[in-house]
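Note that chain A is present in both complexes that follow, paired respectively with chain B and with chain C.
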Partner chain A sequence: MTEWINAVVQGILLGGLYALFAAGLSLIFGVMRLVNIAHGDLIILAAYMGLSTTVMLGVHPFLALLIVMPLMAGLGYVLQRGLLNQTLGPDILPPLLVTFGLSVIIQNALLEIYTADPQKLSGGAIETASIPVGGLAIGVLPLLTFAIAVGVIAGLQWIFYSTGLGRGFRAVSDNQDIAQLMGLNKAHVFGLAMALALAVVAIAGILLGMRTSFDPAIGGGRLIFGFEAVIIGGLGNLWGTLAGGVILGVAQTIGGKIDPGWQLLAGHIAFLIVLAIRPNGLFPRIEH
Partner chain B sequence: MSALLSVSDLSKSFGAVVVADQTSFEVAPGAAIGILGPNGAGKTSLFNLITGALRPDAGRIEFQGTDITAISAAGRCKLGIARSFQVPHPFEGMTVFENALVGATEGAGLRGHAAEAHVLDVLEDTGLMPKANQRAGGLTLLERKRLEMARALAAKPRLLLLDEIAGGLTEAECSALIATIRRVHAGGTTIVWIEHVVHALLAVVEKLIVIDFGRKIAEGEPRAIMDSAEVKEIYLGVDPDV
Partner chain C sequence: MTGPRVTRATRASRIAMVLGAVTLIVLAAAPWWAGRADLRLMGEIFLYLSLACLWNLMAGYAGLVSVGQQAFVGFGGYMLFALTIFGGLHPVVAIAGGGVLAALISVPIATLIFRLKGAYFAIGTWVMAEVFRLAFAQIQALGGGSGTSLPVAIVKEIGRKKAMRESVSYWLALGAVLCVLLAVYVFLRSRRGLALTAIRDSEVAASGLGIDIWRTKLEVYVVTSALTAVIGGLIFLQKLRISPDAAFSVNDWTAFVIFIVVIGGIGTLEGPIIGTLIFFALRETLADFGTIYLMVLGLVAIVVMLKAPKGVWGLIRDRFDIELFPLSYRVHHPKD
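What follows is the complex of A and B.
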């Protein structure tokens, strides 16, 4: 019995990481209706940037965040204004194709620079530390990851609903043309949204790198987990995205408990069941 | 006298459809001008050209003596041009207060308490205070029209463009709206108003411009314009010989 409870708890904590994968994806889609196929590869890019920072400066991955987050945010702004803004329009195909191309470019650039060897960020003692709770051993790193995910989602929620920046996001998301007439520069607002999304991606990438080993090819899988978490939770609902991540995580660990080969499959099945029963997700934002 | 807004030889067409044909006029600071014309005459397109939503094929738009023809819609809003739409387009997912706050922070460049205080003034002025925390998507037509004006006013415009804001309102609602517009005008805001509800228009404006097929066909003192045979024929569809 304890083993099953353990699987559920581990799944919930894993869900925090998936929610971090998903949060940036959800934000970008919400603000500009852009489906970013390169999102997973950007997570891996952030992990590699964390690797370079920790190796070069000899600092802990958490400290590397101080460098990787601003870099990723800056990259996001430049990428949006320099490239992605030009693809946005009534047709949804160009942004899909361009971000798919971007995904291929990032993967191959990483392969060229870092080779295909799996890498890992060394978090030191925190990786193996655990807290005993009633017969279970709860890892400090997964717990911290989950806490960070909750903090990030709460922060994004606050930005969206309590700041001028968030009001700009919502206004542009609601009606781009009117927002322009009210003095909002759409290109700049989109740039800021992508910067914010990639700052979250930086956090996700570093935490991923400390949890498991990574190589340039695994971005696609992270993209799928992010998508599934967003869709299970309901589009446009950030807390729903966290719930979606948790459901996906629990499905995976329970599946893995039944048979180690079923881990990923169980997650996808949970996603398909939600999609079949509630196509708008479990907690869709109430609109109009 | 330097005009607040000066439109010269403005032309725009979509294929064979001409929405502006060498239109020129000036709006003096503090003026209230009405624009009349049959459906499809190019009135709304004229507003789209002035706010920057449309780019003219030819011609020039000056605001406060500066050429703004090449400036973006967002930039023109910051300079002091705001408009309301004939068909209200609120940010539906946001509250009435937040809708107006976008205008105050982005358009007027206000911050913090100054922005909020200004928005509250505007909501008070437009009678929307009781609805401040409601989602704009759930408003009635009159409330939406008021919100159109509130959002435009929140941007502290020097020039306020009103597009058929009185259409579809009851007599009482219309009177209340006229009172609000007069108050705004008395406060120093220059107004250009497109309207089919002629009596509402005449209650406010000092000058009328009549356009048809994108071309300005008359301009002058409202009563004289309304009585001119040309306007009766083209705008009201009355044959002057009958």
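What follows is the complex of A and C.
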């Protein structure tokens, strides 16, 4: 029995990481209806940037965030204004294919620089530390990851609904042309949204790198986890995304408990079941 | 005094048809004039061209942008192995059977993922492909995660001698690309093709004219899934070995195919042909550079998408107003 409770608890905590994969994806879609196929590869890029920073400066991965986050945010702004803004429009093909091309470029650039060998960020003592709770051992790192996910989503909610920047996001999301007429520069607002999304991606990448080993090819899988969390939770609802991540995480750990080969499959099946019975997700906010 | 005439065929399309027929005869005779490596390469080109035409029909005409066609390539490949090893079928029958089975399973898949719109549909197809990959990796009888080879006895059913097998495999690929091109061409010229073109141009207007959009898209999805599975079977008949990672590779069976169609010109029949030729020309010259070559390919696709969204064939068509496959109508006014 404790084994199963343990699987559920581990799944919930894993869900925090998936919610972090998903938050940026959800934000970008909410603000500009863009689905970024390169999202997973950007997470892996952030993990490698964390690797280079920790190796070069000899600092802890959490400190590396101070460098990786601004770099990723800057990259997001430049990418959006220099490239992705040109793809936005009524046709869905250009953004899809351009981000798909971007995904292939990032993946192969990482392969060229870092080779295909799996890497890991070394977090030191925190990786193995755990807190005993009623017969279970809860890892400090997964717990911290979950807490960070909750914090990030609360922060994004706050930015979205309580700041001038968030008002801009909501305005361009509702109607781009009228927002422009009200004096907002939508190209700039989109740039800021992507910068914010990639700052979250930086956090997700560093936490992923400390949790498991990574290589340049695994980006696509991370995109899929994030996407599933978004759809399970319901489009446009950030707290729903966290719930979606948790459901996905629990499905995976329970599936993995039954048979290790079923871990990923169980997550996908949970997603397909939700899609079959609640196509708008469990907690939909906007409907399109 | 006669009224205006409407034609579809043009001088360019008639010349293209004659040239196409001559090319076909020359290609059919390739086993007598080409070396073994060339034969293999040409077979591969035909199969990629088939995949590109099918993806183009889905994305360019039906607006179903899939990044998960590897699901059906891999499924067709695995069906070849399963139906020959366990069903005792002849490989060619097994490949056709794989197509039929793919059509059957594509219906429930479509009812699920058609609930996702636009770009989310794309990622949904990818999830499906992952489900296929993980599920086939669980089947121990087919080698599980490490895959399996086609037994020698089954390979011999294609032809006793190696040269014979290679020729048959080549002819099958040539026949497949011919069937796919003809099927897409006939489909697009038919009443349903017209409906599809209307949906491509405006879904709202098309549904206003009484076209059942969901049904039309479903038909396209089922037909492309079946044919993609057949091509998958032929691909792994050439390779003679299958594994989940090779069968359901997003790079090999979807990324390359998308780049081919985008570079050649999406939403045209000529585009995939030009794109395939450019792709293989690039691959044969840059293949030694490995990752750099893939980065160049991604970059070229991005630049084409931004600067010339209709691709290379779009540029040619806008410049010279020609069409090799007569799909559109032309009105000729009589000279007084």
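Keep in mind that, in the parts below, the second predicted complex is superposed on the first by the 285 of 288 C-alpha atoms of A that agree within 3 Å, B and C clash if a C-alpha of one lies under 4 Å from a C-alpha of the other, contacts with A are read in each partner's own complex, and residues count from 1 in each chain.
Keep this in mind: a contact is a pair of C-beta atoms (placed from the backbone, for glycine too) under 8 Å apart; a residue touches a chain by one contact, two chains touch by 3 or more.
Small disclaimer: the values here were computed from a predicted structure and weren't measured.
With chain A as the common reference, chain B sits beside chain C without any clash. Judged by the touch definition given at the top, the superposed model places A:279 against chain C, while chain B stays out of reach.
In the superposed model, A:57 makes contact with neither chain B nor chain C. Set against each other, chain B and chain C differ in how many residues of chain A they touch, and the higher count belongs to C. Contacts of A:261 after superposition on the shared chain: chain C is touched, whereas chain B is not. Looking at the shared chain after the overlay, A:164 reaches chain B, while chain C stays out of its contact range. With chain A as the common frame, chain A serves as the apex of an angle whose CA-centre rays point to chain B and chain C; its value is 90 degrees, to a multiple of 10.
When the two structures are aligned on the shared chain, A:231 is found in touch with chain C, with no touch to chain B. In the overlay built on the shared chain, the residue A:5 is in contact with neither chain B nor chain C. When the two complexes are overlaid on their common chain A, residue A:66 makes contact with neither chain B nor chain C.
Of all C-alpha pairs spanning chain B and chain C in the superposed arrangement, the closest lie 20 Å apart. For the contact definition in use here, the residues of chain A common to its chain B contact set and its chain C contact set are 288. Chain C contributes residues 59, 65, 67, 112-113, 115-120, 122-124, 126-127, 130-131, 134-135, 137-138, 250-251, 255, 258-259, 262, 266, 291-292, 294-295, 297-299, 301-302, 305-306, 309 to its touches with chain A in the complex. Interface of chain A with chain B (complex): residues 164, 167-168, 170-171, 173-175, 177-186, 287-288.
By the touch criterion stated above, chain A contacts chain C in their complex at residues 34-35, 37, 83, 86-87, 92-98, 100-105, 108-109, 111-112, 220-221, 223-224, 227-228, 231, 261-262, 264-265, 268-269, 271-272, 275-276, 279, 288. Residues of chain B that touch chain A in their complex: 51-53, 72-74, 77-78, 82-83, 85, 89, 91-94, 98, 101-103, 105-108, 111, 137, 151, 155.
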